[in-house]
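The following blocks contain the structures, represented as structure tokens.
You will see subunit A twice below: alongside subunit B first, and alongside subunit C after that.
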Partner chain A sequence: MEAAISSILFYLFAAIAVLSAFGVVASRNPVTSAMCMAVSFASTAAVLFCMGAQFLGIVQIIVYAGAILVLFLFVVMMLDVKSEESTLSRLPRAIVGVVIAGIFAGMVTKAALLLPGATEGKCPVAALCCDEACTTDTGATDKFGGPLPALKETDTKEISGTKALGETLFTQYNIAFVILSFALLAGTVGAVALGRKIRKD
Partner chain B sequence: METSIIYNWSQFTAEFTLVGLASIILMADCFLKKMPKSYYALLGAAGAIVAACFMHNDEYHNQFSVIAAVATGLTLLLAYDYRKVTCEAVSGTDSEEGSSELYALPLIACAGICALTQAKDIIMLFVSLEVVTLSSYVLAGYFRRNQGSIEAGVKYLILGAMSTGLLVFGAAWYYGTTGTFELSAQVVQLMFFVAEPAMGVGFFLGLGLLLCGALFKAGSAPMHIWIPDVYQGAPTPVSAFLAVASKAAGFAVLCLLILPFTAVLTAQSDIATVEYVQSCTLTIVQCLAVLTGITLLIGNLGAIGQTNAKRLLGYSSIGQAGFIMVFLVNMTDTESQLHIANYLTAYMLATMAAFYAIAMVRTQRGSEEISAFRALGKTNPTTAFLITVAFASLAGVPLTYGFIAKFESFCAIIAAMQSWGMLLWLTPLLVIMILCATAGFYYYFKVIREMYWEKPQPTDAPLQVPVVTAGVLAGCAILLVVLGTWPLLTGNL
Partner chain C sequence: MEHNTLASILATCGGTESCGVWFYLIVTILKLVLVFAVILAFVVLSVWIERRVAGWIQDRPGPNRAGIPLHLFQRFGSKEKQPCKKLLHFFGVPEDCWIAKLFRWLRLDREVPTFGLMQPCLDGAKLFLKQELTPSYVRKAYFIIAPMLVLGPPLVAAAVIPFASGFSTPYGDVNMCVANLGIGPLWIFAISGLSVYGLTLAGWGSNSKYPFLGGLRATAQLISYEVAMGLSIIPLLMMFGTLNLQNIVQYQADNGWTILPLWGEGLTWERWFMLVPMLISFVVFVTCVFAEANRTPFDMAECETDLVGGYHSEYSSMKFASFFMGEYAAMVIGSALVVTLFLGGWSIGFGADAALHAWCDWFAVICQFLMFLIKLVAFIFFFVWVRWTLPRFRWDQVMKLGWLVFLEVTVANIFLTAAIIYFVN
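Let's look at the complex of A and B:
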């Protein structure tokens, strides 16, 4: 029963996340877009909670919904947003886009349904299983890897997800983490370079 | 398969040094007010060249990182000669204020490429690719007073973000079907022999999406859309960086994704398993062959009508990417990485020389059109000859390195026909290659024709060739000719 409810919640929040992400693109009004994005971020956080990655969920809310989105809204409010002109002339282009997106979505769905056990609601890969029952069900045990450390450790309830995440980040992926800081450096330098005040002549 | 720590700190010394140098430049920019900013370009170039020498000798880095570091050094030297235009486009006056980031960011991007070439798993691949991509977004839009540069920056940002999205989605599928981020022959082996066949669909979907991300960087179809606009709009040194260093990064990723299959293919001993693995990888070869053909056609046919020299080089870079991808179509070749690096070296020497020429003409004649090259053969005969060598090498004229590179590419397609026998797929590709090599002669020679057959206008003064540009043009031309004739003399093709 408990598993069923958590599955229902998972799919519910996943659906909300996808739909509101669609709203971000579809909406004409920038403020509506930003609010849709907030909903999308929050439901993504909920999905992360459902998967047992509490720390990631909290970070998602604090950093994305809290900091980044507020910044977005701030900029949107500051700018004088004009209403967009009619987009009827873009109709053929939109149709082409929808067709391509549809083909892509169909391809992905087909591949997902082909995975062993997908139609019976089982987890096809041991690596993605959060609970033991599903690992033993499919027999797809340890042909490939195990569960993500961040997920694995929360199952045993001995080590918290935060600790597991920190351990992964600072042992196995330590160097990648440092290389990622180069990207942050480049981003910061770029923001300064592009946002610098232009002198009026 | 338990994943463990597969990197050690010492193998990233070169990357940390490059980023350290970039930080020093940024710090110096803040605190040394009297220092001319363009000196930072020379400092950065020296650092990149030293890093290239260092990486050439260490055991961790492969050829791609050396090519990227040399290209970064040449980019920064070009930025030094281009400083006048940079100042106008950034501050609107002669002042050098705000131009030093242009000299620091290529170093950070180069560190990203060098880390990328050492990647053994998708995490490192993605992280270092992001370093390159983020720096490139900023660089492409660096000339804020220039409409074209802003357009280039925005277009690159949006299309780049999309390709990153595809790459991450692909990584999710890859992890979802294999349970590991490792990119190795072992994973492919398990996928072919142990996993259920249905898993292969998801695996190949993930691989295809990862390939999209790599093709974006390499500038091949179907992810080539950004190239002409971004190359034309971006500051010329940045276009040169994107054309060479960033392309090397793209091919490094392609090699990381494709070479595990080569390893599995060549490791099989008995005929039954060889045939089984061949049937598994057949789809990849077919896809690569089709993409290569489309890339060649788009690049070479698109280049024919161009009048802007930077845009011409943009389409040319798509076309050349097609010739490089042929080495990957020949999947059974274990040395394809070496061939790709050879081709990229030939491409780098010629393309860099071409961009130096464009920058010089732009600085002194104020135009990037091909017509701005008019009558250089009469006003500056030596320089015109050096530029001719570069464009001839891009076209693949015999006795230049470009010819040897294209020749290797044709050898690869013939070898592929022998080992795969898919004549229905590979013969059209060979025909396309021949057509495109011929088309190349037409559009590269447009520049040469402009230099020798056009009459100078009365206002045209001879160009003052800056020392750095003269040195690089001469160096590239000499290397192109020497490397192009040496194998013919020794008979060691």
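Let's look at the complex of A and C:
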């Protein structure tokens, strides 16, 4: 029953995520697009929750839905963006879009398949983020997810994967992490440089 | 929970294997109802506290008249005009005794003593019955969903706050916390951070200048203070080594509250060293809670001197009330989080929890729940006290405080904590 609830919620939130992601591109109003994106982020976080990766899910909400997208919305509202006239006509534009989206989807699929346990039908995110105890002591991980995380109340062990994620990030992927951080820092410095008022005197 | 009814429900559901699951579901629903009732009752109560304390601080009575209209009942035969006076007379207490004075100060000598508690109820009824006005120029869909997005998140965020410790029943253990997640405080930050959408969309959806400015201010302020808020609890998490709020409170019950380590391990001098970063965290966190709840001195988003009413200028009736309730619910959740992280949550303190648990689980849980409510009321009182003590900040002061003071202080505090943990412990 636990696994059934988890699976139902998983497919429900996955469907919402995909539909609202479609809403982002389909909508004409930029604010509606941004709000669809927020719903998509939130339901992606819910999907991660269903898989038992609580920390990853909550970080998804804090960082993307709670901060980045709010800034997006802020800018969209301030600038009052109108629809832009593109120089390309309809068909080439569609082809370019499909190619870019296809390359990105291929990258994501390849990366997902490389995760441990992905090809054996196990939940890849659980394998990545949960502690050993979480993935081994329940048989439910064969299907998506595992038990509802809150059901394991008596378990004093942290099952949020916070520790596992932190350890992986700061040991195995430390160099990639630092390089990405510098890329973000470069962006911030660039924004400050562009936004700075230049004194004429 | 009555064991008999529970047993009969479980019997009808059949199967001893699913017993645990059904028990879990029923208990969770009961806990949900309890949490919702407590939060909504506290929203009403904090409005009342706000107005009564405001009156007290400004040396005026405050709303004390709204009561049960006794003269209506008098027609039906009741002759008791002043029940309190009769009571005093019955016991032979003189009129100038301190008890009588206290009663008079509490307004017990008038009609039915409601202390003005009827006022929030009547305010609610008034807001329900007022005409609902939707201006013609608003962006309708966003105008309607914005109040919901403000009121919803604080109620959801309450799920991880533990309001008592656990007890065990024949069917399984009960943890007095709706969702005992391993990411406690982060859940609250994430979910209550979502209420910023409500403020932004209210400002934008109203399609008029002042609400728009109010919405922008709210967004900027909430995002700025979220950063400092998140960083300020890191020293705490470094000390506890867990993100689970129930475990954090349990630790505080055994070893002294975070900022009051007076028993258990709290008496060691290592722990007293830790008090320095903890107090810095406490001050920064409480200030950030004020900013996040949009309370004075940080109520820039609805500052009537420059913005008319801020993001809710165009709202009326129950939609306005939703913003109002959302603000108070955020205040209650913020207080609950401060109490949980720094003031020991449900713990009674001085080792009383363990002793009570050894005596009777049920009694311990009830006492802890009451203790949590007392702490919550005390902190809400503090909220109101600050409101009538500090004037509203200027907008640039708010931003400077967030980005130039708190961010640096919290980062330095993290290093200080790490140094103490490394060198002292």
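Operating definition for what follows: the second predicted complex is superposed on the first by the 112 of 201 C-alpha atoms of A that agree within 3 Å, B and C clash if a C-alpha of one lies under 4 Å from a C-alpha of the other, contacts with A are read in each partner's own complex, and residues count from 1 in each chain.
As a working rule, a residue touches a chain if its C-beta (ideal position, glycine included) is under 8 Å from a C-beta of that chain, and two chains touch if they have at least 3 such contacts.
If you're wondering where the values come from, they're calculated on a predicted model, not measured in any experiment.
> Contact-wise, after the overlay, does A:Gln54 reach subunit B, subunit C, both or neither (first, second, both, neither)?
After superposition on chain A, A:Gln54 lies in contact with subunit C alone.
> Which of the two partners, first being subunit B and second being subunit C, lies in contact with A:Val75: first, second, both, or neither?
A:Val75: touches no partner chain.
> Counting residues of subunit A touched by each partner, does subunit B or subunit C come out ahead?
B
> Check whether A:Gly66 is in contact with subunit B, with subunit C, with both or with neither, and answer first, second, both or neither.
second
> Quick one: is A:Ala105 in contact with subunit B, with subunit C, with both, or with neither? Answer first, second, both or neither.
neither
> Using the superposition on chain A described above, determine whether A:Ala183 touches subunit B (first), subunit C (second), both, or neither.
Only subunit B is touched by A:Ala183; subunit C is not.
> Quick one: classify A:Ile95 as touching subunit B (first), subunit C (second), both or neither.
In the superposition, A:Ile95 touches no partner, neither subunit B nor subunit C.
> Report for A:Thr162: first if it touches subunit B alone, second if subunit C alone, otherwise both or neither.
second
> Let me test your reading of the model: by the given contact rule, A:Tyr173 touches which partner, first (subunit B), second (subunit C), both or neither?
A:Tyr173 contacts subunit B only, not subunit C.
> Would you pull the subunit C residues touching subunit A in the complex into a rising list?
It comes out as residues 18, 21, 24, 28, 142, 172-173, 175, 179-183, 186-187, 189-191, 193-194, 196-197, 200-201, 203-204, 212, 215-216, 219-220, 223, 226, 230, 242-244, 247.
> Okay, in this complex, where on subunit A does subunit C touch?
The touching residues are 1-2, 31, 35, 38, 42, 54-55, 58-59, 61-62, 65-67, 70-71, 73-74, 77-78, 149-151, 153-154, 156, 158-160, 162.
> Where on subunit B does subunit A make contact in their complex?
Answer in residue numbers: 1-5, 7, 9, 12, 15, 19, 22-23, 26, 91-93, 97-98, 101-102, 104-105, 108-109, 111-112, 115, 123-124, 127-128, 130-131, 134-135, 137-138, 141-142, 144-145, 153, 173, 175-180, 187, 190, 194-196, 198-199, 201-202, 205.
> Residue numbers of subunit A touching subunit B in their complex, please.
That would be residues 107-108, 110-112, 114-116, 124-128, 142-146, 171-177, 179-180, 182-183, 185-187, 189-190, 192-194, 196, 198-199, 201 of subunit A.
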